[in-house]
Amino acid sequence: MLACGAAVIPLLGAIATYTFSKRNRGSGIAIAGSVLTFVLSALVFYTTWDHTAIHRQISWFTIGDLTFTAGVLLNNLSVLMLFLISGISLLVHIYSAAYMKLDPRLPVYWTCLGLFCFSMMALVVADSLLLIYLFWELVGFSSYLLIGFWNTRQAAVLANKKAFIINRIGDIGFLAGIMVLFSQYHTLDLVTLFSDHGLVASSPRIGGVWVGATGQLSQAWLTIAGAVFFFGAMAKSAQFPLHTWLPDAMEGPTPVSSLIHAATMVAAGVFLLVRVFPLFDQTVLLLIASIGTFTAFMAATIALAQHDIKKILAWSTISQLGYMIAAIGMGSPESAMFHLATHAFFKCLLFLSAGAVIHELQHHYAKSGDTTDPQDIRNMGGLRKKMPVTFIVMTIAALALAGFPGTSGFLSKDAVLVSAFGWGAAEQNVFSVIPYLLFVTSLLTAFYVARLIFKVFFGPAGQEELHEAPAPMRWPMIVLALCCLFPLFSVNPVSFESAWIMAGFYLNAVEAGAYHTYVPVLVSLGGTAAVFFAWFCYGRNRSGNIFTDKGMLYRFALNGWYFDKLYLAVFVKPVVLLSRILFGFDKKVVDGLVNAVGSLGLSLSAVSRWTDRYLVDAAVNGLGSISKTIGNFTRNFQNGRVQYYLLATVAGVLLFFMFTYFL
Amino acid sequence: MDQQFPDITGTFSAVTGGIRYLMPEIALVAAFLLGVIIDLFFSRRFRHAVLICAAAGLGAAAWLTLAAGDDLPADPLFYGMIFSSVFSNVFKLVFYGVALLFLVLCFFNRQLQQHAKGTGDLYNILLVVVLGMSFMSMSINLLMVYLSVEMVSVGSYLMVGYISGNSRQAEASIKYALFGGACSAIMLYGISLIYAFTGTLDLGEIMVRGLENVPSLSSATAITLVLAGIGFKLSFVPVHFWSPDVYEGAPTPVTAFLSTGPKIAGFALLLIFLMTFFVAAEGHRFFDFKNTISVIAIMTMVVGNFSAVWQDNIKRMLAYSSIGHTGFILMGFVSLDHGGFRAMFFYVIVYALMNMAAFMLADYVEQRANAVTATGYAGLGKRFPLAFTIFVVVLISLTGIPPTGGFIGKLLIFSSVWGQYRATHALLPLAMLITGAVTTVISLFYYLKIPLNAWLRSGDTAVTITTKNGLLVYTAFAIMLILLAVGIFPQLITAYLPG
Amino acid sequence: MIPLEHYLLISAALFCIGLYAVFTRRNAIQVLIGIEFMINAAVINFVAFSKYDKAKLGGQVFALFAIVLAAAGVAVALAIILNVYKYYKTIDPGKIDELRD
Amino acid sequence: MNLLSVLVFSPLVAGLIVLVLPASLQSRYKYVALAATILQVLLSVLVWVRFNPSLGGVNNEHTLQFAEKLSWIQLNVGGDSRLQIDYFLAIDGLSMPFLLLTSLVMFVAVLSSWEITTNLKGYFALFMLLDTAVMGVFTAMDFFLFYLFYELMLLPIYFLIGMWGGVKREYAAIKFFLYTLFGSVFMLLIMVGLYFSVQDPLTGDHTFNMVHMMNPANYVDGSLFAKFSGQLLLGIPARSLAFIVLFVAFAIKVPIVPLHTWLPDAHVEAPTPVSIVLAGILLKVGGYGVIRICYSIFPEAALGYAWWIGLIGVVSIIYGALNALAQRDLKRLVAYSSVSHMGFVLLGIASVTAEGISGAMMQMISHGFLSVMLFFLVGVIYTRVHDREIANFRGLSQLMPQYTFFIMVAFFASLGLPGFSAFIAEAFSLTGAFKSAGVNGLIPRWMALGGSVGILLSAAYLLWTLQRMFFGQLRLSGGEPWRLLLTDVTIREKIALVPLAAMALLLGILPGVVFTQINTSVLDLVKLVNP
Amino acid sequence: MNPGELICYILAGVVVISALVVVLTANLVRSVFLFFVTLFALAGLYVFSLADFVAVTQVIVYVGGVLVLMLFAFMLSNKELLNSLRQPAAAKLSMLTNIPAGIVAAGVFTVLAISTKGLQLAAPSGMSLFPAGMLNAGDNTIHLLGVRLMTNYLLPFELASVFLLMALIGAAHLARKGKEST
């Protein structure tokens, strides 16, 4: 009940802001709504965490013999997400009120944000795959609205289109997964399907056949089902190869980026994978782990070379999501969830801080009529003196991201890496490289985030009249900064296993062994080294740059490994071209063919007319027309001559008669 | 003499006994004679005297036919010359109705009314033509057949050439006369061969048996020649060449009449001719009527409908369309024993109605806006909304789309052919069905031209509009209502049909 | 008495000559003559076979009717031809072709 | 008088009233029509309320509802056959939703008829005639009556397109007419053949009663279409041929690729209200016909050709979507999107699963509302500036925010955004198609997956259009005059749009509203087709 | 072959040959004259078939009526007559164009000849049914015809009168000048 309330309030808030937005521009209602949501979520969290799962459902509709239900499923996973989302969204709401204050379409903004919160929360509490899918798409839709919030900007509308379409690609995977499960089990209820003794767990796989409750499929379909679910998650969580939308999505307002594209929506893919975890077989898990690792690594390398502050964070998000995905693939969903939770806070904070910087710079530039890009870190520097609070909180977040001890990030990243090494030890083949790759990625992470901090906050100050962001923006950042520290998650700053989130999710224990001790140490040391290296490159003197702008690798990374261009060339253009061709085909060939059939009438009648005019007459004049003297006569061969009519008639009767009686 | 006529009183009473079944025809003849006299002496003073006389005669004939009701002779009359039956009565009523509609058309036709030589003769000729048609539907003797066909033919030539106000009418009439003369000569020769082979002129069992006794080739030759003659009246392929030219050239009322009355009389004749062979000797071997007529029907539908597509002149188009309809009705003849009778009767009646209505409207438009071509109809819909609305319904009926009588007719014909297919599983009925369906679609091409131009296009506004003759439109409107009513409640007609 | 088949043959020959005339003569009146030949061909048949039909004499009666009707037809046709001549100044059926597709 | 009869004939009465009203009251005609459609909406709501969803109907005459059966035509056609035609109106779950759809769409269409200025008498008379015909099609249970109404739809549409349409209206109107007539003439042949094969079990007469046609026991032994007589027609089993012919006849209406080419032309040239009716209702007549007649009467042929039908569905989905992607004219885009969306209907039907058929039904209803909304919205722009080229507009959202809101609702709803009806419909069509392989093995799984690509493509073309026309900086090819002409939606337009959007939303959130009503019938149908 | 038959064949020959000339000659006057001959020869044939009344009618109606009418018509359209007299080139070409017509006519003749050849027609099948038997040379056919026309063929006879009246009225109508016409 409370969960429902928590989920629905943002929607009501959205409707209310839209309806009553004339007077107070909606901020009041929106923030009030989100406070209420947070309180309710907290209550739900308090009552449900580590208790028995609550599952309430009502019959939704019936098709055939099957009744589809709608309901809520509250277990540790969902209430954690619920709490997380409502908390962050509350902070982002407050932040937005200041950040977006001057926007003329603020009510629309609140409406969209409310819609997003509603769909996101409903997504996490939904109890059936159909509902999840429903809200899954709604989340994508509200993200579409928010990315394109400044819809007069060409880049923004291109970005939101791209985001939605790529998400759609993933959705097809999700839908396909639903279809497979539905045809196998005739139900989409999460509890029935995925609980410990649910249908998925209890359906045997015998001799290549996957025997379900109501049918059986070849075992390949099990793999396919897992793969397509993962495909769905890939799009939402921006995993390679469906990651390209996320950097572009930064065209949206920064609070949106922070809430949606860092903390919550992109985590939905991870959430989904955890939800359907029992479905995955070894092949799929391996696939998940590989993709996650690759994405983590790739995105980190790309983040090294970006100039746009939000793009760096976006790629970093992709990279971190890759961690989570990889963790799931390596059979450690609990560490993935843990990392998800910590990442939500610090990445959100990073974005908000970046937003604060951008906000101030934008004001500054707007005042001076400068057209400099306020998001380009090459134009920034020395801000630590102008915006000390921002500097401090962002540094905390950056440390968390880099995984320094004492931060939440340290705990969760360790959890992931430890389980990765544990898993990697068991792998004998090429996949054993995965943990090392992840480790390298963590070093890269430390490097690029340090680069970011150094470039923005250190060095000589460029701008004079900058000051701290307003209080409504500052305070949420401070709160988030506190959340980035270890106490929130674990009393022991070095042992991730004592974290309560991990405890709440012990699905299966990982044999961590020796890795448990040296992995954190290595990560810390390596991270520190990377930061120093970054300091050497960017902090000390800004000229030192190991990446030359001309370098091939650099350009490769700057352009995101050229995936956008590749997709444009390989998918978008061919499809558009194909559509053009098909339309031409439609107009010329199909229509032409049908027209030809239609005009067959005309042509047949042409034939009969031709027959009338030439065949009959030609028969009449047949021999004459052979002779060349006939030229003068041709005009007389026209119809209208009664004798020819008669001749034709008699000839016709005669021919008919002869055909009948002599042949 | 006495040895040949032992009972001369009996002979005379046999003759006079038949007279009471000929009351409608006698009424026609009386009206004809009266009309001749009126035309000679009174036509200057009473312009429409002959018309009224003719209408009265037709009305009387129709009334007498109806009044006779079930009072039908059991045997042939006049020594086996004619046989009056329910069939012939239905046909006769159709003829009288068509003739009355023709009179309405004439009454409103400016060209005819302004004809320098007066219209009286036309009505008199009409009466004789109707008389001939009456007898065509009753004749069971080849002499009567030939005589009545000639009456209708010669009368028709006269009607076509009646005004001769321009070269086209003259041309139409000479083409008609020459073509018709040749065709009737061919038919006459066929009759003479039948007589030579069988020694009898009576359409009956003796004749059929006589034809069986000679080689089938010989009988087939004779029958083919006769069929060609009948085909001239029906204008089926390949004896159809005359009709487009003649229909186009003739005055519109005459065209309307020719495309219905004599054609339907031709159907009556064909029916009698076929029944002779079907009834008298099932399974005669010398002529395969069904297949022949099937092939003719298919060709006729194809030629008629496909040629019509090219036409711009409305009358010519309707002429081709009537060829197409002939083919369609012929399908009913193939499947007489599967409901073809009713189907054919129904279709014939509906065809008469819709064709008359179509020509009425064509005439109306021709007179008021001087438009005779489909392109000339451009934009007229908005000027004569009622007329063109009716036109559309009539054309819909001609196409065979519900809820019109034409559709029911088509349905019944299709049904009977299905029945035929069901019974024989032969290819030809199926081919007919498919041809019928395809040509129905084709027919839409040309029928649609009229509403297409009238409603969808806009023409030049400078159309001179003359004379108001609303009654013509209202007559057409009445026919339209009948067509719709029949389309929705076909019992209105079928309840009274024989078969 | 010549055999009946010969009558049939003569009549067939006359019929076809008439037919040929109808097809080819470039004068409407000659076309009419052709038609008359065809009718007369039929009359030959009627008359010849009427010999066996003493009771009804159908052939001869038919022959009479055919001749009379043909005459009436010719009268009408000639009237029409004169009308045509008025407009076309020709009675060649091949040249009277205003009405055509 | 029976409710259905009133429903069917009340527009006709309104049409006659329009006809007899003097021309001086020209401006009032639309109110007569509006009143008739409002009455119809109320009546169909009444039908909806009084409908008993637990009765299946389909092939059981006793469970058909609101039935009215009067002896209509009893023709003795000679020979052994008597023509027995009944005036037989009834509905079951398969037809009931269409009544409400039709009446609502007609209501909206009349509202959008305000733009019509010429020849109002003819326009509204034809419109009301069309209304009657459509209602008749959905309620007739006698094949003859069905055919009557089916053909009766042709002519009004022809004139409505032809007289009030765009530049190429003649071409479009004729194309539409010929396409449809081509299908229906052959339908007539099959109908007559069926009639000869089927006997009324009570009277022993041949009958056109569709319910009787669905029962194999009613077929005369050895008749052409008897189930087990195995007769051949032109070398094909007669029943298969009949199925194909009927299917093609209806599929032209649906339309399927490659028989779809009338649709873009007809839509583009038709005036907005006619587009609305075409897309909203007439396409559904095709789908309804496939379900009601092809599948119910020739179930075994339907099963035999399921693979092909599914393929046609998938091809239509993808082909239509790709074509939509290539369009430069907004209306043509919407028209092609209809082709794509109706492909789901075929795919769902082909699966012969409860999910698939329910999905197909839902898709028809949903597409009914959504395409109407889309065409209405296109019409709004078109009436303002008489242009629909996508490239001629940009950034409209600044000029017409409410309009943009509606178009976004319509676009997202039709690209299958959850929460709107199209999502449920497409999801279940596909699910049914996917499930089919496991349940009855009719269509392979890849078809369902292929169909889901259509969902992606629909997002692509609709979003692309949104981006091109509505977002970005304001730029109009018509310049300042256009800026003044392009005013936001009016109250009347909102009255038309809001119910449609509301219906789409309602059915998306509570699909049970429809599913409950049709469920029994769908199950019966599945049982009938695939026992 | 007795003289009667010989005369018959001669008459038949005259009929066919004169008819052929009528059809083939380019000279219109000669053609009409030979038509006259054909008709007379036909009348002779009728006489030999014991149809004397028919023969008389033939002569009266055709020669007295039809032929005279035709001559009038020729005279009324005498320009045409003259035209067709001098058109040698056209005549030559028309010979070429007449070939198909000749083929068709010959085809019809072939069919007719084949279908009538070898028939056992001495007493056509149906005729034996009539007790009165064959007509003899001495029979009074006029008497017989008169009786038949007043009994069996009364209806056609009366009908023919109506027909003739109509033809008369119609032909007169076509031929006469309009009352008000100028």
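Labels A, B, C, D and E are assigned to the chains in the order they are written; within every chain, residues are numbered from 1.
Going forward, a residue touches a chain if its C-beta (ideal position, glycine included) is under 8 Å from a C-beta of that chain, and two chains touch if they have at least 3 such contacts.
Quick caveat: nothing in here was measured; it's all calculated off a predicted structure.
Asks: If you take the chains that touch chain C and keep only those that also touch chain D, what is left?
Replies: Common neighbours, chain C/chain D: A, B.
Asks: Select, from A-E and A-B, the pair of chains that is joined by more C-beta pairs in contact.
Replies: Higher contact count goes to A-B.
Asks: Going by the average position of its CA atoms, which chain sits the greatest distance from chain E?
Replies: Measuring from the centre of chain E, the most distant chain centre belongs to A.
Asks: Closest chain to the protein CA centroid?
Replies: D
Asks: What's the distance between the Cα centroids of chain D and chain E, rounded to whole Å?
Replies: 70
Asks: Just curious, how far off is chain E from chain C if you go by their C-alpha centres, in Å?
Replies: Each chain's C-alpha centroid was found; their separation is 6 Å.
Asks: Let me have the rounded angstrom distance from the C-alpha centre of chain A over to the C-alpha centre of chain D, please.
Replies: 36
Asks: If you average the CA atoms of chain B and of chain E, how many Å lie between those two points?
Replies: 30
Asks: Identify all positions of chain E at which a residue touches two or more other chains, and write them in rising order.
Replies: In chain E, residues 97, 101, 104, 108, 111-112, 116, 119, 121, 124, 127, 130, 132, 152-153, 156, 160, 163, 167, 170-171, 174 touch at least two other chains, as defined above.
Asks: Which residues of chain D are in contact with two or more other chains?
Replies: Chain D, residues with two or more chain partners: 178.
Asks: At which residue positions does chain C touch at least two other chains?
Replies: Residues 4, 8, 15, 18-19, 22-25, 31-32, 34, 43-44, 48-49, 52-53, 55-56, 59, 61, 65, 69, 72-73, 76, 79-81, 83, 93, 96-101.
Asks: According to the definition already given, which pairs of chains are in contact?
Replies: Listed in label order, the chain pairs in contact are A-B, A-C, A-D, A-E, B-C, B-D, B-E, C-E.
Asks: Along chain A, where are the residues that touch chain B in the complex?
Replies: Counting only chain A, the residues touching chain B are 601-602, 604-609, 612, 640, 642-643, 645-646, 648-650, 652-653, 656-657, 660-661.
Asks: Going by the contact rule set out above, which residues of chain E touch chain C in the complex?
Replies: Answer in residue numbers: 4-5, 8-9, 12, 15-16, 19-20, 22-23, 28, 31-32, 35, 38-39, 42, 45-46, 48-51, 53-54, 57-58, 61-62, 65-66, 69-70, 72-74, 76-77, 79-80, 83-84, 90, 94, 97-98, 101-102, 104-106, 108-109, 112-113, 116-119, 121-124, 127, 130-135, 139, 141, 144-145, 148-149, 152-153, 156, 160, 163-164, 167-168, 170-172, 174-175.
Asks: Provide the residue numbers of chain B that touch chain E in the complex, in ascending order.
Replies: Residues of chain B touching chain E: 1, 4-5, 11-12, 15, 18, 29, 32, 36, 77-79, 81-82, 115-118, 121, 124-125, 128, 131-132, 135, 143-144, 147-148, 150-151, 154-155, 157-158, 161-162, 164, 193, 196-200, 206-207, 209-210, 213-215, 217-218, 220-222.
Asks: Considering the complex alone, what residue numbers of chain A touch chain E?
Replies: Contacts found on chain A: 619-624, 627, 629-630, 633, 647, 650-651, 654, 657-658.
Asks: Quick check on the complex: what are the chain B residues that touch chain C?
Replies: Interface residues on the chain B side: 4, 142-143, 146-147, 150, 153-154, 157-158, 161, 164, 166-168, 170-175, 177-178, 181-182, 184-186, 188-189, 191-193, 195-196, 199-201, 244-246, 248-249, 307, 310-311.
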